[in-house]
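Two complexes are shown next, each including chain A; its partner changes from chain B in the first to chain C in the second.
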Partner chain A sequence: MTDALVLLVVVPIVASLLPVLLGGRFDRLGWYVAAAMGVVHLALSATVAALVIDTGRISYAVGGFEPPFGIELVADGISAPLLVLVSLSTLGVLAYARRAGPHSNAFYSELSLLTAGISGVFATADVFNLYVFLEITGLATYALVACGRSPRAALASLKYLFVGTIGASLYLLGVGYLYITTGTLNMADLAVAIDSVGYTSPAVLASFGLIVTGLLVKVALFPLHTWQPGAYAESPDTVSAYISALVSTAAAYALIRLIFGVYTTGFLDAVPLVTDVLVALASVSIVVGAALAVMQSDLKRMLAYSSVSQFGLIIAAIGIANETALVGAVVHLVGHAVMKGGLFLAVGVFTVAFGVRNVDDFAGLAGRAPVVSAAFAVLAFSMVGIPPAVGFVGKWNIVVGAVEAGRWSVAVVVVVSTLLTLAYFGRVIERMYFTAPATLGDTEGAAVSTDGGDNVTEASVGMRSVVVLAAVGTVVLGFVGSELINVIQPALEAYF
Partner chain B sequence: MSSVDRPVRAYVESTIIMTTARIVSPFVFTFGLFVMFHGAESAGGGFQGGAIVASSIIVVAFAFGIEPTRQWLDDSIFRLLIAGGAAAFALIGLGAMALGGAFLEYAVYNISHGVKYGIELVELGIGATVAGVIVSLFMNLAAGLTNDADGGDET
Partner chain C sequence: MIDLLTTHYNYVVSVLLFGIGLYVVMGSDNLVKKVIGMNIFQVGIFLFFVTIGYVDGGVPPVVGHGQTTFVSPLPHVLILTAIVVGVSLTAVALALIIRIYNGYGTLDESVIKEVQVDD
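The block that comes next holds the complex of A and B.
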């Protein structure tokens, strides 16, 4: 049943073709095709996850060409939970999009294509194949961001396209160096080949620098984040939620896979500068991202900068480079996706129902939309890292890992960032719950069309329940955190 | 870009260009197919071949005017090319799985030289998609320039 692994990529690609082919005849076909794809995807990823839990790492040789010569797809304890996450995010976003839109067939084609790209990034075990899937992910995301109606969305998309393409090209250049030096592209095979070439060989060092920089652009770490706030803030809420949940996550996963699966800890020991630089960059990103988030008045932009800060945490865990921190990083990848996706959808519900988007407009919202406000508060507190939600599990493991490795500075930075996170979310929650609305009735019912939305004036039950489900999900994930860690840990043990 | 005061240059017929395009483009088209078919055993493949095929159509569009070309080659043809090409790829891959092999395992089709034909069909499919996407991008961009009034950026 390892066939499920390749179908995870093929099914969304086929689903992205149908609306193109039949879109002229059936107007609303896109949603149904995408929804069917989401259900099948969930069944497939659940199959893969069950196999991984039973038997450990599974591998699939595309075309029957045995690795290292053919393309190999792999699922293990790290990628299996992330693949399930992709399915669930897709279904959640589709449930939201049913009413909120965008409704065009092209949108659902692009969404399916993005699902295919991200599933591919999580599944592949071949560095060039990874580039192809990163590009599919990127291209689909540029198009999705441009779905927004405002000219600013087009500009944000163009900026993302330029920066993203540079990032992907740097990655490809790095892969080129690796291929010239070792003659192989398979990850497991590369790990052996790089060892025999020598970790301090200039070509290996150059490839590492190029690959890591390229992927950090996609992750949106602080000095390389410039594409990200615009892309998250200007795209339709549906798209913001989906890409904030999965796109940077895929790049961060690729980074973990490459640093520990290809370059291995042997490289990190031979070139200790690498981990120091990663930790330093990540620490700056954590603090600056959070500080920038505090300064934003547009809520979507605030959430975007919050992601810069949260991904700083994950990169810091990679720099710490021990098992505990990496467990924290993978848990936080999953947790961040659920929390940030849920938060963007919650903002979308508020925007549709009350036409609010700025932090100041949120005054007294809790009285008007108690359920979604409560869900928003749960998600926000989880992001701060308050137990028992999943945000705590991830951050806690990263801090413990930092202390184990003797990197006290990271532990301090994480604590400071927690306070800053509390500052920017506290500001919003204080307004929602404890500030009387200044001009009640002024904005009530005056639904402002969200960018790309079709003048939806009322948030549907589906839209609200997805937000609530995300909030419940973060708490449940927090409680089953140790089970999740039990799945992730064996796969990470192989790296140390 | 709304109506900027830019004089829209009308399309001017030129016998020399039209004749040249008429003679050259079939050869370019054939060369594109040739490159696609060579994906299996030498330098070539669907991406390069598709780009060459698309260029032969774009040459025709430049020579005979974009609107006449649009009427000659309907938008739905390109939809069919884009989706059909990629679908051919997926179907060949999935067919191998249905016969008990791995995805894209051409050998299970049990045709003599099956691997070679399989790769060539996949390359043709990729070529069709690439050509379709390039020509529709070109047509969309051209529409953006000429019919600004009715929102040429509509896809």
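The block that comes next holds the complex of A and C.
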């Protein structure tokens, strides 16, 4: 049964080969292969989740080489919900892409490859293996961002490639330092070995700095976020939704796993400067990200900067370093993925149907597309943190954790960021619902649409229902938030 | 100091490569040169890993030859993987550069910025 864990990576990799191999013969095979992959992936991740709920932690030795010498894959209460999230996001995005495109076989290959990479990041328990999966994720993302036909998309992708590669290389260098000092790459083994080397050994400190900096680049924390707005804004809407939901999430998960599973709280206690720096960086990111979001006129850029701010919250929770805050961080990882993915898809629907992308163009849209507008509003208010939606559950736990740890500054910053979040979403919703449309019959739609060149001019039922499902999902997740916490908590307890 | 340099020159060179690579990525306006810089940066890491895997007088860990000093092959295997990743990244980067050149007619980043502002 634990084979499901390795199949989560293997199935998408195999699926990514088929559209390219058979693409010459069957023109639109890609979507069907990817959809089949998504369904199998969901079955596998559900199996893994069921096993985790029963037994707490499952482990798989790749190739039969027992850890710590071989590569180990592990699923526990933190990674299992995220693996299910990967499956559901993949299926949602595929349902959307059925009509909206891009339709090329290469796109579906890249999407499957990205699914494999992200599943790998969530499943692996080996620091070098994590590097490989991060790079698979990175490579697939660069290719997906470049799916947009414009040279701007290629430029945004190349910028992302440079910054992402430097980040991953720093991570690799950090792994090198860890390997010199401990001689092992297995995460559980490293935790013991680092303790015996001593937390304040210069090599351990250097490795921590390199690994955390490398991963923060991938998370896109301010000021390492420069690649992110371009990448989100220039890629096709389908791609923006998928990568905003999962790619930074994978890096943030890796950060949680490494800081608490490898360096452990012993390291954080021995070097208290680390948590202070993380909290300070995160606080700046929360406020600056939100402030930059308020200033944007392009809605996709606004959502991108909003991610900078939201991931600041998650990094702040890591810096707070207590159980409550980390529960909040993991819930917010799941919640942010659903909310931000849904919001990007909603913007995609508006772009396809009405050709709007700027905040000002949204005037009066609620009258023309009531259902999707309502879904957008629900997702936006969830992001602000209004109960009962999931955005509230995550933020609430982070704030309570901050207060428990005596970090009042974080609590204040979160409240301020909530107001700023309300400011940037508020002005969109205000225009949608309370401003009369300026001029009707503005039919620039086809020219503005950023999908892969196939001029879709009408949003299909499938596209709309995915957005609505995401909105319903955030509310449902808010209500079952305590169940989710019950799954996450035992895995986090092991760290404290 | 001299002694340290003569025995540890590999490390010095790899740090130099990091610096040169990063400088080229950040300082150069030409996109192809940035790719080259990225490669130099990665080569620095490869050299670092190969160096830490080196054991003076060591042999491959094959039992039965009367040798006692063995070399762990792991760092080298890791770098083999990292080299493959590096090659793929270079390929993707160059493919993107071809598209950028077709779109803008230049590989100079500052010129591209001006073109974008004019749009």
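Note that in this section the second predicted complex is superposed on the first by the 488 of 496 C-alpha atoms of A that agree within 3 Å, B and C clash if a C-alpha of one lies under 4 Å from a C-alpha of the other, contacts with A are read in each partner's own complex, and residues count from 1 in each chain.
In this section, a contact is a pair of C-beta atoms (placed from the backbone, for glycine too) under 8 Å apart; a residue touches a chain by one contact, two chains touch by 3 or more.
Just so we're clear, the structure is a prediction, and the values are computed from it rather than from any experiment.
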- Item | Which superposed partner A:135 touches (first chain B, second chain C, both, neither) | second
- Just chain B (first), just chain C (second), both, or neither: which does A:169 touch? second
- Kindly classify A:14 by the partners it touches after superposition: chain B alone (first), chain C alone (second), both, or neither? first
- Query: Once the shared chain is lined up, is A:180 touching chain B (first), chain C (second), both, or neither of them?
  - Reply: second
- Query: Hey, is it chain B or chain C that touches more of chain A?
  - Reply: C
- Query: In the superposed arrangement, does A:60 touch chain B (first), chain C (second), both or neither?
  - Reply: first
- Determine, under the contact definition given at the top, whether A:155 touches first (chain B), second (chain C), both, or neither. second
- Message: If we overlay the two complexes on their shared chain A, which of chain B and chain C does A:106 touch? Say first, second, both or neither.
- Response: first
- Message: By the touch definition above, which chain A residues appear in both interfaces, chain B in one complex and chain C in the other?
- Response: none
- Task: Would you tell me which residues of chain C are touching chain A in their complex?
- Result: 22, 25, 31, 34, 38, 41-42, 45, 48-49, 52, 72, 74-75, 78, 81-82, 85, 88-89, 92-93, 96-97, 99-100, 102-104, 112, 116
- Message: Residue numbers of chain A touching chain C in their complex, please.
- Response: 128, 131-132, 135, 138-139, 142-143, 146, 150-152, 154-155, 157-158, 161-162, 165-166, 169, 172-173, 176, 179-180, 183, 185
- Message: List the residues on chain B that touch chain A in their complex, please.
- Response: 76, 79-80, 82-84, 86-87, 90, 93-94, 96-97, 101-108, 155
- For the chain A and chain B complex, residues of the former touching the latter: 3, 6-7, 10, 13-14, 17-18, 20-21, 23-24, 60-64, 106
